[in-house]
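Read the structure below first, then the notes.
Going by the order they are written in, the chains are A, B, C, D, E and F; count residues from 1 in each one.
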Amino acid sequence: MKTPLTLVTIITEFLFKEKIRDILRDKGATGHTLTNAQGEGSRGAGAADWEGPNIKIETVVTPEIADAILEAISGSYFQNHSVIAWTSEVNVLRAEKFVNKT
Amino acid sequence: MELLLQNLISPVVLAFILGMIARWVKSDLEIPAQIYSALSIYLLFAIGLKGGVALSQTSIEQLIRPMAMTLLFGMATPLSAFLLLSSFGRLGRIDAGATAAHYGSVSAVTFLAALEVVKMANMEADGFLPALVAVLEVPGIIVGLLLARPRGNAEKVAGAASLREAVHEVVAGKSIFLLIGGMVIGALSGPEKFAGVAPFFVAPFKGVLCLFLLELGMVAAKRLGDLRCAGWRLVVCGCVLPLAHGLIGTLGGHLAGMTPGGAAVFGAMVGSASYIAAPAAVRIALPKASPGIYLTLALGVTFPFNLSVGIPLLLCFAQYLANL
Amino acid sequence: MELLLQNLISPVVLAFILGMIARWVKSDLEIPAQIYSALSIYLLFAIGLKGGVALSQTSIEQLIRPMAMTLLFGMATPLSAFLLLSSFGRLGRIDAGATAAHYGSVSAVTFLAALEVVKMANMEADGFLPALVAVLEVPGIIVGLLLARPRGNAEKVAGAASLREAVHEVVAGKSIFLLIGGMVIGALSGPEKFAGVAPFFVAPFKGVLCLFLLELGMVAAKRLGDLRCAGWRLVVCGCVLPLAHGLIGTLGGHLAGMTPGGAAVFGAMVGSASYIAAPAAVRIALPKASPGIYLTLALGVTFPFNLSVGIPLLLCFAQYLANL
Amino acid sequence: MKTPLTLVTIITEFLFKEKIRDILRDKGATGHTLTNAQGEGSRGAGAADWEGPNIKIETVVTPEIADAILEAISGSYFQNHSVIAWTSEVNVLRAEKFVNKT
Amino acid sequence: MELLLQNLISPVVLAFILGMIARWVKSDLEIPAQIYSALSIYLLFAIGLKGGVALSQTSIEQLIRPMAMTLLFGMATPLSAFLLLSSFGRLGRIDAGATAAHYGSVSAVTFLAALEVVKMANMEADGFLPALVAVLEVPGIIVGLLLARPRGNAEKVAGAASLREAVHEVVAGKSIFLLIGGMVIGALSGPEKFAGVAPFFVAPFKGVLCLFLLELGMVAAKRLGDLRCAGWRLVVCGCVLPLAHGLIGTLGGHLAGMTPGGAAVFGAMVGSASYIAAPAAVRIALPKASPGIYLTLALGVTFPFNLSVGIPLLLCFAQYLANL
Amino acid sequence: MKTPLTLVTIITEFLFKEKIRDILRDKGATGHTLTNAQGEGSRGAGAADWEGPNIKIETVVTPEIADAILEAISGSYFQNHSVIAWTSEVNVLRAEKFVNKT
């Protein structure tokens, strides 16, 4: 009954919240969860700190959609922005909740 | 000199210094991000409201010359900043443009601090000044971004798209939005209806500013650590620019017919560097520009410079102009 | 008409509109959830405290008739709402019951806005009204939930358990808890001891309400987008219900011996639809009901309707009744 | 020395916080971590937004307990509520911290 | 007796009780952590500011005896607490030392509550007392930690390192930092400049304290559940210690030349147990000590004891001493 | 193009924030993300609650660095403190972002 799916975790600046959400909806994610976060990376802690906290977006999707999302956010627009993403394998019970009927 | 000391020893400036000390002694003091956000919403909305009430008592004729002067400075200061930063400061086109956008815009907190100093000196500042803050905030950022744009054609298209987004980010960004929104509400409500909300938006204002500067001090202290990377040439720029812009701005305010207090505040506005609206716009339109440069200069050098030396100096200059 | 405009152009209403505009221009303005939560704690606790102090100066005899009237409306309005929503509104049993629970309960912010309008018209509202808010909040929700319950037997048992939980959710829920808690503290403390905390709970109150409505405007604007799904029949219900309930409520308040101002506020309470306590209870007891319907009606239609048209109209009506 | 265990992630409305925590304790989880989150799903962003933020609950447990938890929250009570859950495999160092001695 | 009741029925104490009730009826009322943090920053900074302004009007001679007395009690009370807790209370060395650190330090909220009671009784408290709070906070914690340190040599080294960290945690910790920082700002600014921020830091103060105690009541109620584990012997300690320390402290304040109101507040400070600075230090230096013991005693037993019985009793005692 | 790496999740008290961050930097993590959390564990909910909320630190690193981090935080200093950690496998796209060039 358990179905394997992919969890995509994206960390970026608050500024790009809507951009990323648009990508997710676009690529067919049925939902996502967003938490506020602070971070430190190649740009240092300070910059992110000042421009408001980072956000962490998690979405559970099929592996194909996961690839599409990763491709989109590693595309040209985000080349120079602070966007970090990784995927991992998860199991869900009611898979129909995570897959678009259309 | 006495005025300078007098200015430095006020709860607002001392709170800023206390915030810096908090970082230096590695205190675990932290103002939650949400509280910081709430404080800035309060401050911007309150400035807007008070400005709007003042506007409702100002005639349009009184406004025309100050408005024109503000637009003029909004266009001119990013240019002069760009020139200085890319020649003496040795910055590349992108970083120079990004930083120029900050110096072309205005820092609301510097504006507030200048108002306080003027009040403390028992002088008056024109009521329409908050409206000028809103007017001054946008054009400088646009000019700065244009200066930073690549000349190449292929890139230009991509740049153009971002420029539009960046301008939207500034105009619909919370700082301008609250300022203008508050101003409209204040102007529509007028003094009588405003009286009902005044105990919340007027009396506690300066105390809230105190807490805000406590946090700002902590952020600025972090930035100061980046000064070494910035280099002494940039630090010099960060002091010369507010001074030069500030003096010319004060003169402009005087010529536009402002009171001495108003001219000094106007000079401080022109001399100040934005660190709320501009960074957001620059992040979007110029992701390659280094925050380690523009934020450090705006918040780590120019803001403390204005707070400590710039504002009292401009006030003296305004008084001198008035007595000519 | 002038009263209506007069009402619309107050900082509190304008802040609500500004919040809606913020969403429309896609401003990045956001009031952090924790701040929103703090504002609502402050407002509810402050209403309770002030009501309690007023209660400590009211005799029980003065209270009996208003209390009885409140209970009566708490039972009757969800019924009439249920009937209208399931006939004209064409809602199913569950959605109609869920929405009726909202109309049976009361919106504290509408109550506050009505108080402000009355004050602005230089009239007085009875001091015991906050106590009635607390009394009115609960029964309507229970009646609404009962109306939505399935008639089948097997399901009934499960439903009963949830009903108990839902009632606990309302009674121990923070909005009632703070209101009643504040009231008890206010009543025990009395005016002298309350004076110590009054500078925090009384003077800034209206300004805080302003910020709260700024956020509420943003939420309501989101809701307005759902109006299309709701359909015109429901929008009509969302205007007719507050009007009908409001007028009858004002009449009831008048008959219970309230001042004209008090009767108008009472009418606004009866006409208002809860969007804090009721949704929480409905989410637990009626998870199948659609928030797209009940929240949109309560917050997107009825609240702005009351704020703009309802309250001033009820005030006129109350004055008319008083002059009969 | 590393022990494989299961991380259960549950996202739900603030309202059900205590209910979920009761289930976790009941099924034998030795602890859990809770973060505030915003979300968008089949019910849209608005509803959750208004009724207060979502919460995300994470607990590291044995695979058996993970199954028991998933079963409980996919049971009848939550059929109509906004509860989303997934599991993934993790490794821990001091496994005794995550397993009840009783 | 009347004074006791008079004390209990104040908005501040009632808010604390309301918070406890909120937990007992399982209300979903929750004050967001960030708001709680902001309230405590406000309260500590405001105490500091007001204390600093008072200090700027106090001569050093007036301060010497109270300061010496404070240092004396800061060293003596952790010792007596350690002895009682390890003999009668049957605690091990580490837990006894950890708890003694709490009783040696001071609770800022108890200090505030005592100030309020004194004000309500129309008496005066010396203006330099906030400075004593800062002085009293640190030494007790250090002595307590030293008492808890293992005698063994190998462990000693590790312990010493942690002790240094723990002391830094207290001294640079936000509670002391804000207190002292506020005090310095207040002292430098003096009464005139402080007047600008007073509407924010003085008038709303007691109302903010009210909200803070609402939250504190909720936390204390959770702690009360742990009382069973603590055992009756510890509960007795949690009442005897504030009483004994409080009476001696009041006597000390009297001998140091304080006004009756000041002596009572000083006694309450000495009798109080820290639950902000001390726990942080103990967590770092004595991770093996059980928070179920020290937090439960400080916040669940001693704080409510002082709030309800301790402070009014000390006030009576101070009046008695003054009339000798 | 996807590279497997290790996600280390650490949950601890606010007090130890700087300590943990120092360890991460020390062991070679190129960045980390921090969220505020509440928790319940062997010490009960109360204690952590009062001393300020917990923090959750996540860092994506190479398996070797992950081991080094885990070793450091399970070392002597944290024996008696509330520190909980686990690792899981993730995939990233631009691996160079997560690996130190030095």
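Descriptive notes on the structure:
Criterion: a contact is a pair of C-beta atoms (placed from the backbone, for glycine too) under 8 Å apart; a residue touches a chain by one contact, two chains touch by 3 or more.
Keep in mind that this is a model prediction, so the values were computed, not measured.
Note on connectivity: the fewest chain-to-chain touch steps from chain C to chain F number 2. More contacting C-beta pairs link the chains of D-F than the other of the two pairs C-D and D-F. At the interface between chain B and chain E, two copies of one sequence, fewer than half of the residue numbers in use are shared by both copies.
Taking the mean Cα position of each chain as its centre, F sits at the greatest distance from chain C.
On a Cα centroid basis, the chain most remote from chain B in this structure is D. Taking the mean of the C-alpha atoms as each chain's centre, chain A and chain C sit 39 Å apart. Rounded to whole angstrom, the centroid-to-centroid distance between chain A and chain E, based on C-alpha atoms, equals 46 Å.
Per-chain Cα centroids separate chain A from chain B by 35 Å. A separation of 20 Å divides the Cα centre of chain A from that of chain D. Contact of a single residue of chain B with at least two other chains is seen at positions 28, 32-35, 37, 169, 203-204, 280.
Residue positions 15, 35-36, 88-89 of chain A are each in touch with at least two other chains.
By the touch criterion given at the top, residues 9, 11, 35-42, 54, 56, 70, 74, 84-89 of chain A touch chain F in their complex.
Chain E contributes residues 32-35, 37-38, 41-42, 45, 49, 168-169, 172-174, 177-178, 181, 184-185, 188-189, 193-194, 196-201, 203-204, 280 to its touches with chain B in the complex. Within the complex formed with chain F, the chain E residues making contact are 33, 37, 169, 219, 222-223, 226, 275, 279-280, 283-284, 287-288, 291-292, 295, 299.
Listed in rising order, the residues of chain D touching chain C in the complex are 13, 15, 36, 43-47, 49-53, 79-81. On chain F, the positions that touch chain A within their shared complex are 2, 5, 7, 21, 30-36, 60, 88-94, 97.
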